[in-house]
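So the structure is just underneath, and the comments pick up after that.
Order of writing sets the labels: A, B, C, D and E. Residues in every chain begin at 1.
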Amino acid sequence: MILDCAHYQDGSRQHTGTLELEEAAERCGGDGFVWLGLHDPEPEELRKVAEQFKLPELAVEDATHAHQRPKLEDYEDGYFLVVHTACYLDDVEEVEFGEVHLFSGPDYVIAVRHGRASELHSARERLEARPDLLREGPAAAVWAVLDKIVDDYQPVVEGLDNDVEEVEVAVFDDEGDQTRRIYFLRRELAEFYRAIHPLLLALDRLESATRSDVTPLLRDHLRDVEDHLQRTEEEVVTMRDLLTGILQANLAVIAVQQNDVVKKISGWAAVIAVPTLIASVYGMNFEHMPELKLTFGYPLALALMLAIGYGLHRTLRRAGWL
Amino acid sequence: MILDCAHYQDGSRQHTGTLELEEAAERCGGDGFVWLGLHDPEPEELRKVAEQFKLPELAVEDATHAHQRPKLEDYEDGYFLVVHTACYLDDVEEVEFGEVHLFSGPDYVIAVRHGRASELHSARERLEARPDLLREGPAAAVWAVLDKIVDDYQPVVEGLDNDVEEVEVAVFDDEGDQTRRIYFLRRELAEFYRAIHPLLLALDRLESATRSDVTPLLRDHLRDVEDHLQRTEEEVVTMRDLLTGILQANLAVIAVQQNDVVKKISGWAAVIAVPTLIASVYGMNFEHMPELKLTFGYPLALALMLAIGYGLHRTLRRAGWL
Amino acid sequence: MILDCAHYQDGSRQHTGTLELEEAAERCGGDGFVWLGLHDPEPEELRKVAEQFKLPELAVEDATHAHQRPKLEDYEDGYFLVVHTACYLDDVEEVEFGEVHLFSGPDYVIAVRHGRASELHSARERLEARPDLLREGPAAAVWAVLDKIVDDYQPVVEGLDNDVEEVEVAVFDDEGDQTRRIYFLRRELAEFYRAIHPLLLALDRLESATRSDVTPLLRDHLRDVEDHLQRTEEEVVTMRDLLTGILQANLAVIAVQQNDVVKKISGWAAVIAVPTLIASVYGMNFEHMPELKLTFGYPLALALMLAIGYGLHRTLRRAGWL
Amino acid sequence: MILDCAHYQDGSRQHTGTLELEEAAERCGGDGFVWLGLHDPEPEELRKVAEQFKLPELAVEDATHAHQRPKLEDYEDGYFLVVHTACYLDDVEEVEFGEVHLFSGPDYVIAVRHGRASELHSARERLEARPDLLREGPAAAVWAVLDKIVDDYQPVVEGLDNDVEEVEVAVFDDEGDQTRRIYFLRRELAEFYRAIHPLLLALDRLESATRSDVTPLLRDHLRDVEDHLQRTEEEVVTMRDLLTGILQANLAVIAVQQNDVVKKISGWAAVIAVPTLIASVYGMNFEHMPELKLTFGYPLALALMLAIGYGLHRTLRRAGWL
Amino acid sequence: MILDCAHYQDGSRQHTGTLELEEAAERCGGDGFVWLGLHDPEPEELRKVAEQFKLPELAVEDATHAHQRPKLEDYEDGYFLVVHTACYLDDVEEVEFGEVHLFSGPDYVIAVRHGRASELHSARERLEARPDLLREGPAAAVWAVLDKIVDDYQPVVEGLDNDVEEVEVAVFDDEGDQTRRIYFLRRELAEFYRAIHPLLLALDRLESATRSDVTPLLRDHLRDVEDHLQRTEEEVVTMRDLLTGILQANLAVIAVQQNDVVKKISGWAAVIAVPTLIASVYGMNFEHMPELKLTFGYPLALALMLAIGYGLHRTLRRAGWL
């Protein structure tokens, strides 16, 4: 589905509304550039776009089905850029990923969104308000898209960070076994890392001073995006490291709990076992057991049991076993 | 055994049927190239091929017995490429490996399959349908073979991924000890990684811009293969990482189970030990034990035992011990 | 808030008191340089400074809100440097971080402090006492600030090192479970590492021989700062490694404790169980049990119980179980 | 002890029998080269050789006592190469190492064997059968020695691989604790790795295209040796990785066993404790206990005990505790 | 404190006894070089030396207080080298570190020892016996000092290696918990590693072919020192790796011990519990219990208890539980 298609020249949109594909292709070749936005296009639709803009065959093949790695591929007069978008679903503690595929040529930028990817309309609006950047050519649109996507990583990082802190508290406050939650959080982080790490390399190449299709002004702006991405990546790496530490700590906490359980059990066992021994003793059938004849023998025996039980209980409580 | 042998020129197969070795060798030297496919050849057979095509001695030695590492070896006017093929046997959760050895010269490509390697006939058919690529020379055949083999890695990845997910579920749902399964899955992944990782380096070198035997069009196509391979490798690395996490989680889960077992046992021990103590008390032989004389002494004692047992049971169940 | 603003020329401060922003900007362009210090500036304040000194737009945007990574960003005629400051709060075993943002141009240095960052007045005083360095231009002020911040890392390292040693003692002297403390110390170290590691790379680039804005004398001085930073980083890395070791040792210590607990419990169980068995034996109701008729049967039985209990106790104590 | 000393020219040995040292040294300088083999030479003997062939002083010092790291050291007109040999002692699961030190000059190769190193006579014989290689100069002898030593690594790898598989089976089939064996196998692998890994670097430098003392033909042959070595190294790395996994799996297996033991114990305890409680009940001394007067009270009580014991046993067995 | 100060020229010491500082400084500038040795100098003393020899200010500041990282710092006409010395205290299993700071200029070498560093007099004597090396200038003295310090690492490695082997034996022979010892050995190794690893980098730069102040002969000798250092480093790395393995093995050994303890306990519990059950049975008060009336009822019951106890004991011993 075509979302928007516009022609930009001299820093401003040349028309309102959405251009037809054919007209857009015709406007190419002049001074400005065309920015076309698609969402989950049908193969047929994409084929038509590819024909109009003469997109590289292998890249189009990649773009028809999602599930590409983040990458930058240079072609004769343009490049193909795959970026993953992320969005955090707090209730299930999961990150949902989408993909944006960008074809950038000398006078066009085509952005193909797959799945629940970051909405890009606001990126376009933000750029339209900056004639100085629009004037720098198609790379400005690439920057605007990347800036939006990387900004949208921030809430994901915050959501995950929040979960990590919750898990920390839960482990050390003994709120039941956290192994499952730790494991699946790590898994989400690993996937998120895979989504952003290769993008760093792609951005690095995009900023390379030897590229002629990125002007110095845009290079500074892309560097700014890369800086945010790097920060995101560092936070993800730190969280993964923290979770590894929590998993180990979790193991130690479980072991300590087990020690406590075993101590508690055996403490109570002792508190019961000794009176039982005393009762067994007075259950012996010897003919000559003077205590048995005492009027207060029975209450005394009970008192002895209670006293010993209580004494043991106190001693063990002091020793931290109960 | 010779599977197929054909001469290609100007983008098309020059004949139907399979050429004789001698004729194929004669046709070399012209404009096109010969593509010869062998399967588990006898040493003698391979010797004859080597003679006809003047293959490098050390590479032929390697190719006579399988068990080579994936590698690219450059010779004076050609190269020798070893690639591992993989196929997933789901019932035993094992990956079976085969090998394909490729000799590429200025006007020939010789593909030697060892073991249950990927079938390559379909690769040939696919290439024969693409005259534009066929025209690019022997590297097109190399690409076709690599593309097929790397595509065949995908079901292996999917099979392993499926097993990893099964193991995840099994660990957290306490379906018995999964250590053995985790261990052997990791082992398969390690072997698979060894099969594909060195190939990345080989492909990288094959795509190097300084090579004259790979045309720009084929370089783009090889880059596409490398991209798929890279994706496969990343998935394998991720799965290995997940399994490491599962093994650690598994340990924690076992420890938690043990805590539960110990709690359950000691809970029931308490439920039994206290009534036993009471029974022992009333088994004492004191002369003056008023309860013993009560008409309802016995049922009262039993009731007391039951009440205490029940009370303990409830308390412990609430505390999560039973 | 503007803390101080001064103009330096020929190695000395050209005036007492603080210059107005406008006057400072006017004095720029001559031979010396202006050093302006701000603390938690309002966005409006920073905007005015940026205007007067024509600071790069993206850097100013970064500087208005803290939470930047340590980095060095080169602009057309100057650079933007982000440095993290650290201060150790011993009572809660936490490191508090602040940030200093430095804009360095051909004839000015602007230092923006965020949060409880290192106080920089002493850095200025120290530099004012060194005309030889002041004469080298704005990079001297950058050096003075970096030198102060990196020196202030030392007490942080010492505080953390002290805690690590305390934890070591606590683990091996069985002073209760240390898992929580180890975990949070590691976390502080990880954050500290993130604060200082990227600075090394930034310093490295600042010292690069190809920079014309850093004179050889200052290069030697920056190298000295880098050397201190490197030492700090190595100590942090070592402490992280030690804590990993302690966490593992902690696990082993807990397991050994558990062994001891189980041994102690079962030892005492044996000491009680055997006399209980004896009492049960003499509680049997056989008609012909000669011991029961003995005058001293009862004391003998008690003596037997005690003797066996004592013997068991001694044996087990020798075996190290009690 | 001098093992053999021969002069090679135009691809063939120039004489039968062993040359005297002096004569060998005289023959140097011509077209061919001298290959001298020593075994555990006395310092005096080595000194004499060094004098005759003007070997570099520091290298000779190294060669007099074994225990050098594998390395390649270039000298003015030759190089010094240290290689470790390995041999697997299956009965004690240990790898025994030896050393071969090679001095290579423009017209001589001196091979010094230390300890139970690979026997090199067969290497010489093999080379003497290949005039084409012999003609390439002293590097051919170096290749022959390296080829033999690296080939001799293969049985070591196979022996270790076999042990690793045995350990795998033993761990998962609960054949007693395998920790000791795993540990010492890993130790052997670590030592083996140390013996072969630096050799890769040395070989890499030896094959460098910028060396004039290694002809293209020999470079291909050395590359072949390096390829085998690389394969060996990869197998060692894989085995180390497997053993790390086994050690972790071992820990999990032990924990699971402990769970089983604890379950079994407590199961049997329950089977005994409940009948004991019943017996205690009927041992109470209440006056009014109707069951006690029943004619079949006793057998009924016994039957009750048996029934409960049996019922518990069955229930627990089904639950997998017994 | 000045230990020795001598002027060397044409390969020999130009005088006996120690030169005064002023005279030494005067002799500089000629053909030979001055070698000055200091031990724990007062700041004042060092200041005077710095003045006489015009040492670089920042390096002198470093040298006045120890605790520098091993490093090589180049200055305009010389360099500053920090080396750590090590000595093993076997009784406390600790490595004691010292520092040697070397200032090397065109015609002087100043060696400053801090703490219980390697004694350097023997290095001087050894060099004085080698006129060929002395003639090569101040770098010869630097070599002599480095050679001595690196040689002194060997006994440290041997001492640590010995301890590692002792720990290995202790862990597998169950000589009590070794966790503490393993932890502190690892700690010493980590510190030792930190002392030697950066020196490798420094040596590497010192040997660089582009340095004009190190002659080819000395370069060979420094390479020899580096080779020894590399070997030391590899041994340290291996020992660290071994200790990591031992710590893991230790955990498994402790777990196995716990299994054994639990088995033993429960075995004995069974041996006692069953006779107790029998005694309880015959302690029941049923009126009709034929066994109670038997003349040999009591001895038969005792025999039954013994028989069952013995049978259980045997069965469990065979199963490896006792």
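Brief remarks on what is shown
Methods note: a contact is a pair of C-beta atoms (placed from the backbone, for glycine too) under 8 Å apart; a residue touches a chain by one contact, two chains touch by 3 or more.
What you see is a predicted model, and the numbers here were worked out from it, not measured in a lab.
The chains that touch both chain A and chain E are C.
Counting only chains that touch, the fewest steps needed to get from chain B to chain E is 2.
Taking shared numbers over all numbers used, the chain A to chain B interface scores under half, which places it in the different class.
Computed centre separation for the pair chain B/chain C is 42 angstrom, with centres defined by C-alpha atoms.
Averaging C-alpha coordinates per chain places the centre of chain C 26 Å away from that of chain E.
Residue positions of chain D with contacts to 2 or more other chains are 248, 251, 255, 258, 262, 269, 273, 276, 280, 283-285, 289. If you sketch which chains touch which, the chains form one closed loop in which each chain touches exactly two neighbours. Begin at chain D, move on to chain E, and keep following the contacts round; the order you get is D, E, C, A, B.
By the touch rule above, chain E contacts chain C in their complex via residues 56, 58, 62, 68-69, 71, 73, 75, 177, 179-180, 182-183, 186-187, 190-191, 194, 247, 250-251, 254-255, 257-258, 261-262, 264-265, 268-269, 272-273, 275-276, 279-280, 282-285, 289, 291-298, 301-302, 305.
On the chain D side of its complex with chain B, the touching residues are 168, 172, 220-221, 223-224, 227, 230-231, 234, 238, 241-242, 245-246, 248-249, 251-253, 255-256, 258-259, 262-263, 266, 269-270, 273-274, 276-277, 280-281, 283-289.
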